[in-house]
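The following pair of complexes shares a single chain, chain A, combined with chain B in the former and chain C in the latter.
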Partner chain A sequence: MTVSSQPLIGRVRHARVPAFVFGTRLPESAVPRFGSLVRTRLRALDVTVYGLVYDIEVNADDAGTTRLLSIAEDVLDEELEWERNRLIPLDVSVLCVGYRDAAGNLRQALPPQPPISLDAIHTCDAAELQSFHSQLDYFRLVLDARDAPADEVIAASIRYAADAMEGDRRSFILACGRELARLLSGDSARLEQILRRLQ
Partner chain B sequence: MPINANLLRARIEAAAAGASRDLVSRDALLDRLAALIGPGADPAPFAVDDNAAPISAQARFSAGETAPSVFDCGVNSDIPPIFALIAVDGSQILPDRHKPMMWALARAAAVCIVYGNGSEPALARALAGEPVLRFWSEEELWTSGRDGEPLTAGDINTERDVLERELLAERCEAARGAGLLPIALTDGSLLPFSLLNDRAWGNRPDPRALDSFRRVSNALTRMKDAGALVAGYIERPNSAAVIKACAAVGGGRQPPPTAFDRHLYERVLGPGQRGALFDPVWRVNGPDLLGGDGNAIRAVYARIEPAAARPNTIRIEVPEWRCGPGDLATLSAILARQTRLGAGYPFLLKAAHEEAVLTRRDQAELDTALLGAMQRHGLRFAASLKQSAKELE
Partner chain C sequence: MTRLDDVLDPRNPVVPASRARPFPQRALDRLGMVVGGSLNDGVRIKLDRGTFIEGLAVGSYVTIDGQTDCRFLGLITDIALDTTDPTLARTPPQDALSAEIFRGTAAFGVITVKPMLKLEGEGGEARPVKTVPTHFTVARRSSPEEIEQVFGAARGKDARPYEIGASLDDDKVRISLDLERLVERSSAVFGRSGTGKTFLALPLLASVIRQDVASALIFDMHNDYGYTLKGDGNKKLKGLKSLAAIADKVSVVTLDQVSSQTRKTGYEFILKIGYGQIEPEDIEMLKSVLSLSDIQINTLFVLKRRYPSDWFARMLSDEEDDGIRELIDAGKIMEGTFMAIQRKVGRMRKFGFMGESAPDGQDAVIRIVEMLTRGKSVVVEFGRYGNDLPAYIFVANYLTRRIHQRYVELKEAAEGGGPDPRKLVIAVEEAHKFLEPEIAGQTIFGTIARELRKYNVTLLIVDQRPSQIDAEIMSQIGTRITCALSDDRDISAVFSGVSGSAQLRGVLAGLESKQQALILGHAVPMPVVIQTAEYGDAIYAQYAVAELTPAQAKARKNVFGSGDDEALV
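What follows is the complex of A and B.
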């Protein structure tokens, strides 16, 4: 599959095989969404790693001007607008949910290596989302994740991907529901909670 | 291991007692010198003799305002209706020879708020531009150094300062290109610290200082051509140029090395007032250097804080081509507003610091990235045993 040239949105700060954090400074309108799919590349192995955004934290190191304006008197509109539209420094946490190997095969399993510091992070376009969600094996990785709010992440990722399924939204969500029912057959309460979030 | 403060108690007590003892005589001296530049004092002793050579690092009140003068700072009506306020700051990571590979990094970053033109955050972001990075590999550190030594911390700090001024010039040009008046601020002196030291300009000037000088002077010329108002904002300045000038006029014993101009002006200025503009008489300001390019720097002390705030005497540096009373009124009014917004320190300089700062986390991430790149190229380096042992702590 050809990987599209989606814009660079950040660079890896630190990483483990199951998860990584990337730093970014983006206008509010471009902040990645919880549950969205992003990708990076392991250059040494020619592997593309996919992950789901599971946490977004405003970097407190850079919040000084916000604090100052919040207590200042006589703040002008220009100053408030400037602060609101500042490139917000964010730390974005990502759960690894699959990779595409050098031969182009998609594997919804943990990648062979973590990304390297400062590797580039890109969003995925609709074609990549559709291609990635042609399999749903990644559900198990998310449901078993310990550091992430797994049920929220999986529901958000399904909703996010469903928007990219032109015309097939309903059938895609039904397929996801069936896969979740199979994986959570012994935990009907948890299944119900996730399914409610898909409605 | 924690320090046993008891071992130093006697030294600490002696230092406090000495400071207390010196304070009385220092205050008496400062009071006497302050009377020389206070309102109503005789300006004649400070009159500049154009035939006499300026005395190094001794303020010369030759910029059209007599020494014993106090002026009101600007007020809101002195602020132009439309302008782009731009601030720069920089940060650096110095080389560590105990790391697997030596490297260094300097970063300069700018921020901008466009005032009076409606809210245009996208324009402000465009005018701020992108941060500038300067990376030195191990090889570059050694080949750029002197006497068989790598680049020093001072060299890297100077390069960071120069990058900041060049970025500021570029951003002023961008603002002018957008039809806006650029008003530019630096944190600290307008000149890199290394250029202020007269030793850099002996019989055989240091080629590195000459190169930095040319780049900074070129940046100042670009700001001038962009029609910018430019100011260096110096918090807690430790210069004594005016004290030395007063001591030369007033005679008597020399002021101690811990007496600074700000101590003098604390006695002269009230809130919202500034002293007279002066030439700091640095060698770099001379006619063969900045003066020859029309970029000599002038300075003034001011208390721009409101009456109720804690007294804070700051120093403002301006280039000779925009240092008239109207320019100083505009700059002091803008700085007063910025310091109110920033809880005592200019808000936009604080924002520039946030953009520029390089943290320990940045350093660790770059270390990791470098190690990864080295491994991809089949290189194997290790930290020194000292570094490895420290990391075990």
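What follows is the complex of A and C.
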């Protein structure tokens, strides 16, 4: 599958097979959103790794300006705006939910290797979202994730994907809901909490 | 691997048609897959989300494709709702989307299917099932071809099929009974009042007669089987004698000449019973309806021993009888007992078909046996006596005892090299009056039911209270055709003596009150629910014959009386 040329949004800082963190300094409007799908590439294996954003941490700036401004009195609005418009360093945590192998096969399982430091991270466009969501096996990976707020991540990721489904939103949400119902067949309370977040 | 297309079932109405993909023909009938169960209790099938549970019915056929090329044919015996998580039932979803998601996934339908037959390969022979299909095998609606293979007229080269109705699922699929097997053992038509027992029994008997499977002797309590019977809205319908194809094979004998004349129906002869022909055993049968005690019954035998030829006439006589007085004085019988018998049995004086002596010394039994053995069937019309239970029981018992005795003689003669007597089916209504536990052991009907085909005589019981029939006799009934029953005891009784039939209770309870029946037993390969056609033109057409020439019509009229076919609808 041809991977579209989406803009670079950051580079890997550290990684494990199930998850990785990438750093970014983007304007506020371009910060990747919680639950969105991003990708990186394992060049040695010719594999594209997909992940869901499950945490975004705003780092304190090195000079301590933000810290001072947050407690300062009589600060001019212009000063705050100037500070806010600086490129703020962010740590974005990503849960690995699948990969596309060298032959183009999509597998919703953990990748064979974690990404390497400073590998480039890109967002996914609507076509990639649709393609990735032709399977729903990644739900299990998210539901079983220990470090991530799994229910919130899965609900957010479904909502994003649903928006990319071109008018077939409800059918897609129904299909996702049914897959969740199958996976959480013994825990209807948790299931219902997730379903409420889909509406 | 779960694919989105698998989750988006094209049969689900929420999926846009543009995304629906055509399912293979076979999958259209798919219901679900086997998830558990047992041979005795039936296998549990979890329904697919796309299966419309409200479109299913107990009694419908399901085929489960086995792991090899065999197929299991079974009957839906229960339909239930289930959930994967018990808490879901206590906290059901509160919004439409959640409800739609839960439905078919965490909350789903389950059917219980009782496997009955195993079909080996395509068109292979149907055999009784001895195992169950394995887990996760696919269950689907049985195809018309499969039902036809099992119940169709073509099954088995020796079968004598009779199309008794249509499949519950598809009225084009005809269900047939094997008449040879039906008459091999006693059989029964059960159903509460007004469910159409007579409309089932009548064409069944017509078919037995037409196919020469057996002769029939019908005790026609309500004058339904002879020339005409009344349908809904007093519509006049054709009885056996009015069905052209079998009219020549049926004779009507009446007990009530006046009634026959009033109804303008013909008859072969008027049945009269002379007092001298009556035996104490004939009265013993009336023990419960006349409230006769054991001592009173014994008194009858004492009278018979003392006065073999005219004991009954003496007993009914109001005149002072020195002979009876002698017995009383000698202490052989007690006066009080005798007086009580006179009072109770005295009711029989009003039976117009009984007299001091039979006219011209005729013996109705000999004439009837002669007709039956010649291949004719006999309808005994009771006229106004049909509403008199003692009269009905007395005559049915009187004739049956003697006919059975004659058949025993004929059968014994056959064993010595003579011809085998023709099979005989005795149809009897209100059968529980003859077969209730207190008297079933002594009556001829109990004997016939127990002896089975030993003497080529079997019963066709038509009754609304199977629970009042002796359990031992119920267990001997080969084929049970059951219309709707409402009393739980009656429903239980229908299944007594049929192993593994407990699951069919739900099927029986679900029958509609008219034109539906559950058939189980000897004459069908597996239990089947049928939809019967309304008794009328469609059934007449099966018994139509080429129009008679005027000469034939005249000859027929001379022989069988005019009847009033023109007025029948």
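Heads up, the rule we're going with is that the second predicted complex is superposed on the first by the 188 of 199 C-alpha atoms of A that agree within 3 Å, B and C clash if a C-alpha of one lies under 4 Å from a C-alpha of the other, contacts with A are read in each partner's own complex, and residues count from 1 in each chain.
Following the convention adopted for this analysis, contacts are C-beta pairs under 8 Å (C-beta built on N, C-alpha and C of every residue); 3 or more make two chains touch, one makes a residue touch a chain.
Quantities reported herein were computed from a predicted structural model and do not represent experimental measurements.
Novice: For A:Glu81, is the partner it touches chain B (first), chain C (second), both, or none of the two (neither)?
Specialist: Touch status of A:Glu81: first partner only.
Novice: Given the touch rule stated above, what does A:Ser188 touch, chain B (first), chain C (second), both, or neither?
Specialist: Second partner only, chain C.
Novice: With the two structures laid over each other on chain A, which partner does A:Gln199 touch: chain B (first), chain C (second), both, or neither?
Specialist: So A:Gln199 only meets chain C here.
Novice: One more residue to check, A:Arg13. First (chain B), second (chain C), both or neither?
Specialist: Touch status of A:Arg13: first partner only.
Novice: After the superposition on A, what does A:Leu118 contact: first (chain B), second (chain C), both or neither?
Specialist: In the superposition, A:Leu118 touches chain B alone.
Novice: Name the contact category of A:Leu136: first (chain B only), second (chain C only), both, or neither.
Specialist: second
Novice: Look at A:Asp168 in the shared chain and tell me whether it touches chain B only, chain C only, both, or neither; answer first, second, both or neither.
Specialist: second
Novice: For A:Ala72, using the defined touch cut-off, is the partner it touches chain B, chain C, both, or neither? Pick first, second, both or neither.
Specialist: A:Ala72 contacts chain B only, not chain C.
Novice: Between chain B and chain C, whom does A:Asp46 touch in the aligned arrangement: first, second, both, or neither?
Specialist: Neither partner.
Novice: Intersection of chain A residues contacting chain B with those contacting chain C?
Specialist: The answer is that chain A has no such residue.
Novice: Chain B touches which residues of chain A in the complex?
Specialist: For chain A paired with chain B, touching residues are 13-14, 27, 43-44, 61-62, 64-65, 68-69, 71-79, 81-82, 84-85, 87, 116-118.
Novice: Of all residues in chain A, which touch chain C in the complex?
Specialist: My answer: residues 133-137, 168, 170-175, 177-182, 184-189, 191-192, 195-196, 198-199.
Novice: Note which residues of chain C are touching chain A in the complex, please.
Specialist: 1-4, 7-8, 12, 14-16, 19, 49, 83-85, 87-88, 91, 93, 95, 97-98, 100-102, 104-106
Novice: Spell out the residues on chain B that touch chain A in their complex, using ranges where they run on.
Specialist: On the chain B side, the touching residues are 113-116, 119, 121-122, 124-125, 340-343, 347, 350-351, 354, 357, 359, 361, 365-366, 368-369, 372, 376.
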